[in-house]
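Following: one structure in structure tokens, then a few remarks.
Labels A, B and C are assigned to the chains in the order they are written; within every chain, residues are numbered from 1.
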């Protein structure tokens, strides 16, 4: 018998491996399958509800008819304003961590704070927004207060994505610039940032998707169940798509069955489109390396 | 090529290192080095890897400030001026060009690679930049190969071309001192010979520190040579002396004759 | 020695505009960096501030942890016993982990160790999409699809219960667990695998004997972060759990979670009232628990990441 013959033991090992592999594949499939089922169901049930009128009209008759226009617009307002706060701050934090921060206790605490910011329950962020922005800062329940709450909550998304894309720029480029007498900032501005900008954009799109779907943090800080008019300034309240789904699904009697499915489909469509965009962007980026 | 108003005499000391020690997080990488580099000379540093040669270069252009955990003691004088008292280290680094072992073309066009340093020093006019770029690429013996594609990416050139690009970039700083760290590691022999010719030319204008693991390269190029071993400078002397066995330490002879390393 | 040259050098060593710009930017970026710390402290300070009058007044720690009577609006005597809410949260989280731990670790092993090339990439993308579905949409799915499914399958009167919320939370927590677990598996150096394979081990033996033990800490921290995620989830739990105060006897009983209680009741309280303060006290409790979970996960993962 040669060394390479299939011994009984070997065959048994190989069979075990195959069984486990099949089991793990099944588990993966069972995790992913629900998404596909859910998407299909939402499209089938919610599809008919979506029309031009649905997107552009106000809700009427106690939100049992009409469209979701103010909610859609409100979500766009909230997300845009949240980005205005979180993107510059998040990029600054990421640049600090990636380019300046020494390996010390403070840096570790910053990293820990970021992890915690991402891990604190969304309802706790809502309590914070209520205490800090609505009451203490005196913004009242407003778009401003809700956007700030969302911005702080999703800050880690921008920081982590930006930090990753900054760090993917090889260190040798930085050393080459420094050795020529470039300051750290000149190095960052001329070499590091231009080569990380698409990665940062990917992170920002991901943040848009996260922010648009959040409900709890805006419930008590700026989003209203129903408003018969559009907000006129950042100190007004607004409707939001995510909260609207909660409201029509649980709070309003006699809603036609298709309506909440339509709202859910719209929301998930918005979020997944953004996500797909971000993923597609990332894949294209990887295939287009400059070094 | 020199920025100083008075021409420097041949025995001007460009770099004076006195009792320099370097450590990383408390671990000593180089101890008690004393040497000087004169203007218009090629100063060779030979020694096996891990002997502290690269750390030495980092200390000279004060990269210790940008390298975490690195600390130095002793004194380094550049043009007689103590570099530890330097207030704007960026201006110091502009006077000292460095070429790293692995060629590093920045992810910019060939033109912008060479124009990088003049730009950050405030050169704005296209005419001036054009002139600097052409001059430096010519001096690095790269001009003829790239003059028709100055706008293509520098980081996508071949290894040998990138290394010459790096040298052109270092020259664009208009340095007084050029330091090369094992530049031929990722370069083919033909390119190595071309770069060696370039260095012989450049010697007339500036000082060069040539760190190399090829002892013959030091023999070919260097006026004086220092031998580093395990974080110590074993000895320094005229290159002929070092290579003809007139050494004060038997380890030097053993190394240049290839008995270890 | 040439003192002229020395003077010229001293002249050249001036702090110029770019030096000052660099310094200013460094300070600016530092402010961005510490903002995360400021916000975390801010969150703690502000929820403590709002909860203060209750936490140090009406709050009764024994009642809070042992009584199952959460009756903040009772006319005769309000009681703030969070025991049932804690049990509710714990039962849902437990149910979620029962699903999420085996499935996400299995998926992580399949994606990280077996799948290759395009399959691997597309599986990762799908897991990422799973993570992208908003909480309120999950809640809606629990309320409608899962609810009907559970009623039909198990022949129970109501489908909004521990099982429903647990399955939903399991699916919500699984992507983050899968991603982090896969990262941990990938952090095991290839030379370990190669060394074991060179000795004739099959892939499966390599995974069980080499990869999993070497990435143990990372896997544990993946589970911890999943627990943190499920524990703090709000909208989905509010909509899928039935939201009734109960010590569950089976997975078909409705329960009420800590987070959902805040979301459901905060809108109806007057600022500064006992009820309002009690909800913020629940918030402090949630904050501290998640803080501890995240801290532990971070400490565990440092073991691998600190290379």
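Everything below uses one rule, namely that a residue touches a chain if its C-beta (ideal position, glycine included) is under 8 Å from a C-beta of that chain, and two chains touch if they have at least 3 such contacts.
Just so it is clear, the structure is predicted and the values come from calculations on it, not from any experiment.
When every chain is reduced to the mean of its C-alpha atoms, the one closest to the centre of the whole protein set is A.
Each chain's centre was taken as the mean of its CA atoms, and the one lying most distant from chain B is C. The pair with more inter-chain C-beta contacts, choosing from B-C and A-C, is A-C. Distance from the chain A centre to the chain B centre is 48 Å, each centre being the mean of its Cα atoms.
Remark: chain B and chain C have CA centroids separated by 51 Å (rounded to whole angstrom). Remark: chain A and chain C have CA centroids separated by 15 Å (rounded to whole angstrom).
Contact with two or more other chains is made by residues 183-184, 186 of chain A. Counting only residues that touch two or more partner chains, chain B has 90-92, 95, 120. Shared contact sites, meaning residues of chain C that touch two or more other chains, fall at 18-19, 22.
Across the interface of their complex, chain B is touched by residues 1-6, 8-10, 12-16, 18-19, 22 of chain C. Residues 18-19, 21-22, 25-26, 28-37, 39-40, 42-43, 46-47, 49-50, 102-104, 106-107, 109-111, 114, 121, 123, 125-130, 132-137, 139-141, 143-145, 171, 174-175, 178, 202-205, 225, 228-229, 231-235, 239, 259, 262-263, 266-267, 271, 279-280, 283, 286-287, 290-291, 293-295, 297-298 of chain C are the ones touching chain A in the complex. By the touch criterion given at the top, residues 3-6, 8-9, 12-13, 78-81, 86-88, 90-92, 95, 120 of chain B touch chain C in their complex. The part of chain B that touches chain A in the complex is made up of residues 61, 63, 66, 68-69, 90-98, 100, 102, 104, 106-108, 116-117, 120-121, 153, 155-156, 166, 169-170, 173. Chain A makes touch with chain B in their complex at residues 102-103, 172-173, 175-184, 186, 190-191, 194-195, 290-291.
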